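Got a structure for you, questions after.
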Amino acid sequence: MNRAPVNSLNLELLQEISKSLDEVAKNKTKAMILTSASPTVFSAGLDIMEMYKPDLKRAEQFWTTLQDVWLKLFGSNFITAAAINGHAPAGGCLLSMSCEYRAMVSGKYAIGLNETALGIIAPTWFMDTMCHTIPIRQAEYALTTAKMFSVEEALKVGLIDEAAADKADAIEKCKQFIRKFDKIPPLARAITKQKIRQAPLARLQKNRQQDIEEFLGILKNPLIQQGLEKYIQALKQKAAK
Amino acid sequence: MNRAPVNSLNLELLQEISKSLDEVAKNKTKAMILTSASPTVFSAGLDIMEMYKPDLKRAEQFWTTLQDVWLKLFGSNFITAAAINGHAPAGGCLLSMSCEYRAMVSGKYAIGLNETALGIIAPTWFMDTMCHTIPIRQAEYALTTAKMFSVEEALKVGLIDEAAADKADAIEKCKQFIRKFDKIPPLARAITKQKIRQAPLARLQKNRQQDIEEFLGILKNPLIQQGLEKYIQALKQKAAK
Amino acid sequence: MNRAPVNSLNLELLQEISKSLDEVAKNKTKAMILTSASPTVFSAGLDIMEMYKPDLKRAEQFWTTLQDVWLKLFGSNFITAAAINGHAPAGGCLLSMSCEYRAMVSGKYAIGLNETALGIIAPTWFMDTMCHTIPIRQAEYALTTAKMFSVEEALKVGLIDEAAADKADAIEKCKQFIRKFDKIPPLARAITKQKIRQAPLARLQKNRQQDIEEFLGILKNPLIQQGLEKYIQALKQKAAK
């Protein structure tokens, strides 16, 4: 991912990721490592400007593309690993959890689904993805309290698989994970992965339209818009300092 | 809860709890801490006398009220925490697991769903609540063996979140948990909680009548009644000593 | 299990196990310990010769019997424990996971669902059984990488409950587990077990025919047959050394 400064997931970046996932699948590439060109942020998550005072047509396209990206990434037949080389809140956390393996660079970075802190609600398939990664008790606690996990905490609860010294080390650890499949017939591997991920995949596929309407409904809620406005003001003040 | 001596959950106590939950919800109170006025028992669970040689009409009302209490507590929009200041078998364990956080006073107290020891069967939604708290492997072991966990065991498996020195400390720890939400918009928090708890809530809501009939069917089973009689005799002998 | 040399599960052995399970149920026996007459192998899993260039009629009977065995074992009303006294790959792992308790002899033995290494795919109910035993994150990792766990690894992740010094010790530990139920009314115990295992049981019962067709479809796939041929060749070369 390379959208300066913090890989905010706007419509255009999501479209690029979606296209990249198609290409990886088409090229019969064996594996993909997801990482960031930014030195401090893996991805800041969904771009708030897509949600604040939105054009509803674009918002619908935005959400549809995010669904596409998740369905392709979480359900991919190729191997997926995330080298998390910086902060990974909200959508950034989602993308990394959708991979099969996570190595995260030690330091002051944090990872988590912190949607409630912004007054918004992680959709069911974000929750499903987290419950596929960590126990439901920990997922509920993390989701309701908007918890951002340090690398040590994430490792302990299983939100990441390994801590890494730096980006190169994180990528090397991803490669080690990918090499575990060198002797595994790829078709059996792919079907096995898709079978164990089938319930959350099928749930979204069945409810795509309803999920879009739920998202648009949230955007139309004045309380939610006020919350976003407040958050954007706080970001601006922070930037002005 | 304050029904001497051991907060046995009979129809009247359940009706009171149900009413209290309505009031907390109506008053837009932020949070609720569930604890006991007894110095040694959080709650002894369902009152056996509601099940032994029951009036079936009252038994139906009893079970309906228990369902109400669980639906309101497990699915509440306000924050819920349990300060477990004594034994919490069966229904006592259920009430505490239905909260979002549990601090339990260290000592000789125990907690668990021990229904099978009495020859009765925890309903599916009791099991769902336990599987929402601890891993399913541990839940199966605990449910079939009627395991009562010491504070140390409960902490290790995740059945409670923290051990406390005494009741005041348990309540203080609950307050600390509640303060974690000070900066979280309450609407987003509430919907997030209800979303991640939706599957078990929906399952009971869909099967309430069937669940009542199952309970009444169990009460009509002579083997179950014999088991309860034996248990009551044992309690009486113990009391006579 | 006693089919020399490695308890490969062919049609005849599965029919015997199925019959034994019926007898245990009919005799109102309290409990069953599953172990192996082989000194080094608990069970090598499904007999590959039932899958390689199969007679489709026999293959259908083979799979139906395997379904029967699992439904009877995973859903039994009597207590089940596995004394794992040797290797337990694939079907061997499945049988032990279908019990309620596992003690495994320490040493160089390994356990796991390693189907993908052979180019085949564990069916949904194998996966369900594993997810009933260990967390879904670990199950996905184990299933896709064909991981064979050492005793220490299996203990850590919860795939087994205890390590044992030898077969006698494993059986003694199983007996200790069984004795935990001495004071538990058997009917309440059995229904409680079946209730918490209901979702995976119901899923297979509902999809038995589809599951058989999926299995036969896999056998008809030339890629799968090539994989099995390669595997058999490797086994022969190993045996020739």
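A, B and C label the chains in the order they appear, each numbered from 1.
The working rule: contacts are C-beta pairs under 8 Å (C-beta built on N, C-alpha and C of every residue); 3 or more make two chains touch, one makes a residue touch a chain.
Remember, predicted model here, so these are calculated numbers, not experimental data.
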{"item": "Interface residue identity across copies subunit B, subunit C - same or different by half", "value": "different"}
{"item": "Cα superposition angle of subunit A on its copy subunit B, in degrees to the nearest 5", "value": "120"}
{"item": "Centre-of-Cα separation between subunit C and subunit B, whole angstrom", "value": "36"}
{"item": "In subunit B, residues with contacts to at least two other chains", "value": "131, 135"}
{"item": "Subunit C to subunit B touching residues, read off their complex", "value": "100, 131-135, 158, 180-181, 183-185, 187-189, 191-193, 195-198"}
{"item": "Subunit C contact footprint on subunit B (complex, rising order)", "value": "115-122, 124, 127, 131, 135-137, 139-141, 143-146, 223, 227"}
